[in-house]
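Both complexes below contain subunit A, partnered by subunit B and then by subunit C.
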Partner chain A sequence: MVQYVARRLLLAVPLLFGLSILAFAYVRVIPGDPVTAMLGVNSDPELVARLRDQLGLDEPWYQQYLSWLGNVVTGDFGISYRSRMPVSQILIDRIPATLELALGGLVVGLLIAIPAGLYAGFRRGSRADNVITGATLVGLATPGFWLGTLLMLLLALQLGWLPSQGYVPFGVDPAQNLRLLVLPSLTLGLAIAPYLARLTRTAVVETGGEPSVSYARAQGLPEGTVARTVVLRISMPSLIVAIALTVGFLLAGSIIVEELFNWPGMGRLVAAGVSERDYPMIQALMLVYGAIFIVVNVVAEVLQGLLDPRVRLT
Partner chain B sequence: MTGDQPLLSVRDLAVEFGRGTRVSRPVDGVGFEVGEREIVGIVGESGCGKSLTLLALLGLLPSGGRVVNGSITFGGRDLRGADPSVLRSLRGRQVALIPSDAGAALNPVARVGKQLRLSLRTHHPDLTAQQRRGRALDALRRARLARPEQALAAYPHELSGGMQQRSAIALGLQNEPRLLLADEPTTALDVSIQAEILRLLVQLRDELGTAIVFVTHDISTVREICDRVVVMYAGQVVEQGGVEDVLTSPRHPYTAALLGSIPPLGGVPPEQLETVPGMPPDPAAWPGGCRFQARCRRFTELGEPDECTSTWPGSADGLALGAACHFPLEGVRR
Partner chain C sequence: MSAVAAVAATVDGPRTKRRWKPIVGGGLLGILALFMLVGPLISGYDPNATDLTARFSGPSAEHWLGTDDLGRDLFTRMAVGGRMTILIALGAVALASAIAVPLGLLTGYLGGWVDLAVMRVVDLFFAIPTLLVAIGIVGIFGPSFTTTMLALGLAFWPFYARLVRSAVVGVRDLAYTDAARVIGAGRWRIIRKEIVPALLPLLIVQTTVLLGFAVLDEAGLGFLGLGVQPPDASWGSLLAQSRGFVLSHPWIGVIAGVPILLVVLGINIMADVLRDRLDPQGAST
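On to the complex of A and B.
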């Protein structure tokens, strides 16, 4: 088990390495230039040249890449062009807020999607199934920022139940932190719930066709027992893995939600970083998002292994 | 058959799938009886409706399937019109199913012991945990599992194919049902284990008095364990009777063709085994008259008589002994 986790994490190293190349190439391929972004279009050419030299942008690309990579390995992601602060320092400040939001969104999403998906899956073809499946289609087609704005208008501005935006660290004021968390997590959760509900429904429907299910019925087991001990138990391990794969949507959605609700997480750095061509920041963000995705998926696979005796964690 | 009333009586059973113009009727007028302690074989090619007949008995037809005609009487009770809850209380308790592939049918994420206990808890809720364990162990021992304690703690995939099948048999027998429905219980196993499982079924019938319906496409296994045999073709019963009668002097050309496709017991094997030419007809468009006629050698030999294409030669409820054929074979001993 420990060995399995260690090996999975080791396998993540080449993945992260590939990601580092992508991140490095990506910022340089998109049009625009960090120095122009910093100094403006009509700036003194001498100043531009000095800054380029200072930032090491005149060196050959492989040299830039290698020196960046060398620093990253030691945990040094460089200095942000925009704020002149160490990127790692900024990220450490921001990561908890993003994780809190992502977790909140996931919890809301699962609370809505799992019961809905199970209900639809166990009553396939019924009116309830049609309603739920129809609702997921509408949900998939609804943009998150629009939904978030509506929720903000309704719950915060109209009804005044919740603060509309902002952030207070949990350590400072837990109650206020949670109150502020509700709207963004609701938005994020509602945005991913349709995916999760569809995954759940599909898992239940697919497992429902397994010989084990009809055999359990042939043993005279009550439907509730069949659902719990056979259908759910069989589909859960793979469902967990499928849900882990939606963490990509979750992280992408969090970028928009953070912007909308003024939530000081990593997502807000993305838009600013890209618009100002803050190379070290964008590269670091891509790596961190990638790492979160990988860790979540390794955890999901371990859970799958623990829940499904046929999977050997070696 | 013993007693006045058979344990199970099926008459003129028909099962349909689909709606409107897309209706198909894969089981169409099947009838047979099973007495106490009797082993009845149902033989036929895949798709002849034998497994669907079993599922119809259990009230577990796949979605879209429904019984549209006929009657099913078990222990004096009508099962066709029975409430789903009545059927559920019978399933696993009085009528148990032995699946064709226990490896696929057993719950892959539950230990064998748990599956046995779950079924005991459903059908005997008043047993204590210790009694349940005892009964589960007994059942595994009866199914001749070499190390029952270990099997209790094992997940199905940790057992061999034969042990999986024995576990499923234990699961079927632990509630002491009156009838076992064995749906090709040996097809997933290799030949030596097949023979052991067949012997086990006969032993269990002798020890416990459980009647067995044994569904198979392999007519040679019927000879080994069955008292009576029902031969099915294209959703109908084409011949039934005692195993000796039917297998040694088959009267229906289809039965004869099936027997011709396997090597005879003893004697010199023929140069070439026969095959039944062609394919069974489509259940969505059964031909009129005798459904076997298109593949029947006798039909050609006799100069394609009209009766064969115009009228169904069988009985109305499918129960009649003998062959459903206008020109049955006579005195052909194999």
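On to the complex of A and C.
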């Protein structure tokens, strides 16, 4: 087991390393000079030269990469060209909001998708399965932000049950924070639920043919018991890994949902960073989003190994 | 395996029960294609012609779906915008396939260090959300019609390449490819004559699925203001535009999403149909 965990962790290292090279190289291929982006086109040449020197832009690329990587590892992502504040500071301010939203969305998504997927999988071919599979098909075709707009119009403006948009830190006003969280996380949850439901159904259908399931049935156990004690238990490990893979959808969805509901998370920095050529910010965002995905997936694989001893051998 | 498939077939009932699928899927796509191709002709409006006396008019006899903030006819703009979105999606999928299929074939068939190297790059792309990759590419070239196509194509290829690769690995060592090898067929001949035909169903289904994703992601980029730029219309840019007055004039935001939903639904249903028809093994789940 220790060996398995160590191997999973080691596999993540080259991935993180590659991610850092990608993030660094990305900024090199963007046309346009960062100093010009910071100071404007008609700036004093002397000032430009001094800033270039200060930012280390005249050094060879590998030196720039190494010093940049050294800084990143110690948590220094440089200064945002746009706001002139340390990127790490801005990110630390915004990560909690994004994580709160992602967690909210994941909870909503799982609450809808797991029961639906399980039920559809167990009762394959039934009317309920057809309804759930049909809803999944429609859900997969629905643009998330459009759904969010409809929810906002209906629940906030028409019925007035919820505030339409905004954010209050949990520490300041927990009740208001949660009220504001409902619409965005409902949107995000509904957006990822079809993926999760389909994965769950497939996992259940695949384990339905295992000998242990037939054996449990042959013993005369009621279907519900077979479902809970045998099928769910067998499909859980692969389900966890499948759910971890949808974290990519979750993060991409959060970028759009944050924009829609004025949710002050990292996602709002993405579009702004790209249009204003805020290189250090873009690099940091690529690294943080990528690292979240990699870490979640390593954790999921470790969990899978804990739950299913067979996995540890491969 | 075949026993399981047989059981699965009985559980799902006879294939005839799914006859509605091609009708619904094809019908949806047909109606929308008609709307996009003929719509602007029968409405008689220029999609970019403004009419400030008719701003935000609701649906009426003159403007079937109403007008936007500049008095432009929404029915026409949605039809013309649909053409743009579909063109972008087709281009993006073509680009993704042009990269992914050869790479998947090569890495899957050759294996070794080429496989290892390319798949590590693919892993890397998996770690970054597709939309973020696309946004990053928009950051390099600036938002436009061509960039959107390019960005989505470059964001999609890794998924596709991995899929093709694992499918190739699946057929590489089957008896009939071995047989071809035994009679002295070369690498390229085996790939062309044995492997590609075996993969064709998967390729067809997968390009269809990707097309749906491309339409959704075009809308996503457009929504963030990073897609097709005004005054040109695409479904994404219409949604982005509607954000500015979603509270005062919600109608535009509401109808702008409908064609996206219908097209992607039609595409996904057709993907299911193709999967059922072309790939009996995958059809059971």
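Everything below uses one rule, namely that the second predicted complex is superposed on the first by the 262 of 314 C-alpha atoms of A that agree within 3 Å, B and C clash if a C-alpha of one lies under 4 Å from a C-alpha of the other, contacts with A are read in each partner's own complex, and residues count from 1 in each chain.
Here is the rule we use: a contact is a pair of C-beta atoms (placed from the backbone, for glycine too) under 8 Å apart; a residue touches a chain by one contact, two chains touch by 3 or more.
Everything numeric here is computed off the predicted structure, so don't read it as measured data.
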item: Which of subunit B and subunit C A:14 touches, first, second, both or neither; value: second
item: Partner chain(s) touched by A:308 [first = subunit B, second = subunit C, both, neither]; value: first
item: First (subunit B), second (subunit C), both or neither touched by A:221; value: first
item: Touching partner for A:92 - first (subunit B), second (subunit C), both, neither; value: neither
item: Which of subunit B and subunit C A:26 touches, first, second, both or neither; value: second
item: Touching partner for A:206 - first (subunit B), second (subunit C), both, neither; value: second
item: Chain touching more of subunit A, residue-wise (subunit B, subunit C); value: C
item: Contact set on subunit A toward subunit B in their complex; value: 210-212, 214-222, 225, 229-230, 233-234, 237, 307-310
item: List of subunit A residues in touch with subunit C within their complex; value: 14-15, 18-19, 22, 26, 29-31, 124-125, 137-138, 140-147, 149-150, 152-153, 157, 164, 202, 205-206, 209, 248-249, 251-252, 255-256, 259-260, 270-271, 273-275, 277, 282, 285-286, 289-290, 293-294
item: Residues on subunit C engaged by subunit A in the complex (per definition of touch); value: 4, 7-8, 11-13, 120-121, 123-124, 126-132, 135-136, 138-140, 212, 216, 219-220, 223-226, 239, 243, 246-247, 250, 253-254, 256-257, 260-265, 267-269, 272, 285
item: Residues of subunit B defined as touching subunit A within the complex; value: 58, 60, 62, 88-93, 96-97, 99, 101, 104-110, 118-119, 122-123, 155, 157, 171
